[in-house]
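Encoded as structure tokens, here's the structure I'll be asking about.
Think of it as A, B and C in the order they're written, each chain with its own count starting at 1.
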Amino acid sequence: MFLRNQWYAAARGGEVGRSLLRRKILNEPIVMYRTLDGQVAAIEDRCCHRHVPLSIGKLVEDRVQCAYHGLEFDRRGCCVYAPGQEKLSANARVKAYVAVEKWQLVWLWMGDPERADESLIPDFSVTEQPGWAALGETLHLDCNYLLAIDNLLDLSHIAYVHARTIGTIDVARTPVQTVREGDAVIVSRWMQDVPPPPMFVKLGGFTGNIDRWQIARAAAPCYVWLDVGGAAVGTGALEGRRDHAFRRWNLNCITPETETSSHLFWTEVRNFGLDDPAVGESLRAQMALTLAEDAEVLAMQQQAILDNPDAPEIDISFDAGAIRFRRMIERKLAEQEAQAISART
Amino acid sequence: MFLRNQWYAAARGGEVGRSLLRRKILNEPIVMYRTLDGQVAAIEDRCCHRHVPLSIGKLVEDRVQCAYHGLEFDRRGCCVYAPGQEKLSANARVKAYVAVEKWQLVWLWMGDPERADESLIPDFSVTEQPGWAALGETLHLDCNYLLAIDNLLDLSHIAYVHARTIGTIDVARTPVQTVREGDAVIVSRWMQDVPPPPMFVKLGGFTGNIDRWQIARAAAPCYVWLDVGGAAVGTGALEGRRDHAFRRWNLNCITPETETSSHLFWTEVRNFGLDDPAVGESLRAQMALTLAEDAEVLAMQQQAILDNPDAPEIDISFDAGAIRFRRMIERKLAEQEAQAISART
Amino acid sequence: MFLRNQWYAAARGGEVGRSLLRRKILNEPIVMYRTLDGQVAAIEDRCCHRHVPLSIGKLVEDRVQCAYHGLEFDRRGCCVYAPGQEKLSANARVKAYVAVEKWQLVWLWMGDPERADESLIPDFSVTEQPGWAALGETLHLDCNYLLAIDNLLDLSHIAYVHARTIGTIDVARTPVQTVREGDAVIVSRWMQDVPPPPMFVKLGGFTGNIDRWQIARAAAPCYVWLDVGGAAVGTGALEGRRDHAFRRWNLNCITPETETSSHLFWTEVRNFGLDDPAVGESLRAQMALTLAEDAEVLAMQQQAILDNPDAPEIDISFDAGAIRFRRMIERKLAEQEAQAISART
């Protein structure tokens, strides 16, 4: 079960063009494309005639033509042409999704179109802030989206999983603060006078110890902002002068594909090496390696859970943020279920 | 559920020889081979002793020897030898199928052997008619057999799926006539003064427009005759002079393998290029390409149906023939079920 | 359902070292390793925190460190370290197995650790007897363990499956004697004046006929001793002088992995060519070939049973031993079930 009436990232803007992009979101098959005026359209990826995925068809102007019998659908999902058929019935249509392109991503409103409200799209405005550079990619994860959010809300794992890039043992040894702010859970870690991890040395040029921070903020249904960075010891980073330090925003949407798989749309926003393409490529490569390490562990974890769904588990102190987040999601799902029941009666 | 007490094509004659051919027909594992006198034998592909497929064994004269413990079965399915066993019990046998070789195909009677009647084998006599040449192949389809019959009863799809060989847009723009004749459904399309498709140009040498026809006749459980061709405009093809035109019979048996897969046995019979092997090879290559295009779409369709079996669908006018055929099959299945119930009581 | 409170072979000794060996035994994921003092440790292969297989982690002295969050478990399964956690709860532990290394194999007690009794490990002492040489391997089988035991209790199959190494037609033509001795079933075959099979010619140098024996002894839950060999005709092999003949012990533990797969741990013990490594390698290669032939047939058999679990089967006289063994296992499973019920009430 997933939260409805929410914006979910469904693609990076650059993934959608004048061809048909197939993607399953919240178990629904969706085909995305760009209309001639450059807008993103998103409709159900199943012909209402004989079920064939529309994504194996082709674009005819702004219409999707089914590969099998040539029916054509417009961006509202309406069948506007069927060979040999003069009059089309009212149910000759497929589902259409409200699509908005913002912060380099395509957002779909997975719920009642009447309730779609662009102001609810999460604030990734840092991607467009002067003095910062953004890049990102799409990664498929073989796990439920909440396992990936757990991962981001407990960064102690980077000491073990990501020693090649961003992990040092100090991360696992430093306690965190967890707070709830409205619909968001925030987990913060402040490390004083610690060795920099390999990525910081490589891209930040650190030669000695640093003061370092990690602030993870997660909001329903599946957005996570990571504010991370470091500065030479005692230069004020931990007192707030973070913009003058080596700083990265790592922005994540972990959109459910199915109950056991997800799409991770990640964006890295940095305040260093803006004019140096090599810095961007190095950062991209290190993040791709880092996230591939996560993907491998998460897939093993998901498989173990599928193999034995009733196995008991224990919690440790670092789990506090993830547990709060899951409780919030569960409460919202219960509310959604209660509303659905009351709407039926 | 499948219709029983019917002939189903199970192999092309050339596929069956002095080795063991394994094939699942109507969910039943069957092993076929040719006896020393050249007849086709077909028995259950499961040893009655310890379940091993007999098809991994070997032929010993006219008997199949199990690969595991050496039990031997004759063409009637009787176990005639078991090592270390002097007397064999009456149930030391596997199922045997009545097999008939006709029209270049091997037909199995999937039902009560007492009721097997060769006169019920569909009439593919055109394959042996003087002045015609026949060739064919076997193709595996990842879909229920009725999806493939739908495909053949609505040839409007060739305008979209087969533009490289036999499709032109006129096919999808020309209405059809649908009639029921006894246990058969016939869908006919007559096109006047239309451009020829690529295959007609290549093999028929047409330089100008043609008159063109497509007559699809489908009979239970799974046979489809396509009578197709064309002639220079106004030379009488549409008035009946089809044998003097560029004409092909495309004969199909779509035998269920499982509920979601089938064996397509197709035969092309032509009245042109009889003495030119290059014509035959070109026709075979173009049909193989054409049917591979169908197979791809049909597999996507079947998968979409499995993904969401309850998705609604709409019909269009071209579906009339396929809908009539499916209703006929449903009625026959209901009769079969009623007979089975009355036989039990 | 499997018999509990039994020793099951889980690895060859040489397979377990200072890395983490993952293996599923009786449906339970287990990780094995060798502690610094050379002992074998075996604990549950699932972190009690967030389910990740411990086997993808690493060894830190005698502890397994989880790859994800760094929790550490000792050989008793106790979590002895969790980052950021000062005090660990009593349930911070995974299952531990009593492990004993004996007869070149690692044995796990799959049941109540209190009842683990080393004297119940099957007697494979022939592997350590002076004048004999032992070698062995681990083979994965895609079948239920009882299908593999059936295989060893009816050696008539070697006439058909293993004609390249140990099979001759005489094996399938010679009757057997079946007896029950306590918890074991013994099937014996004595062949007089028969041609030697290829392996015997190759490694035993036989030029004429031999007297040959096969004695298979199977004990619950899954151990099988094969005492096989041959000698020149009339030199007393069948009267008991087997140690002076060409003789091999083939010792087998077929440990259930799941209901439809198994681990075969086989050991060959021979009284010939002790000082000639080429003889050992030849024997190893021939057994590997022979067992690969079995594995292929057994996988086909298991698949056929899964495809049609209710298909009837007939028995032949050679099945007597296997049937007795299966009845014994069924009775023991029923006893186990009865004890479990009485323990609950």
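FYI, a residue touches a chain if its C-beta (ideal position, glycine included) is under 8 Å from a C-beta of that chain, and two chains touch if they have at least 3 such contacts.
All values reported here derive from a predicted model rather than from experimental measurement.
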Checklist entry - Roughly how big is the turn, in degrees to the nearest 5, that lines up chain A with chain B by CA atoms? => result 120
Item to check | Same or different contact residues where chain C meets its copy chain A, judged by the half mark | outcome: different
Next on the checklist: How many angstrom lie between the centres of chain A and chain C, each centre taken as the mean Cα position?
Outcome noted: 48
Item to check | chain C: positions in contact with at least two other chains | outcome: none
Checklist entry - chain C touches which residues of chain A in the complex? => result 150, 154, 156-157, 159-161, 172-173, 175-176, 297, 300-301, 304-305, 307-308, 311-318
Item to check | Complex interface listing, chain A residues touching chain B | outcome: 29, 46, 48-53, 56, 65-71, 79, 82-85, 89, 91-92
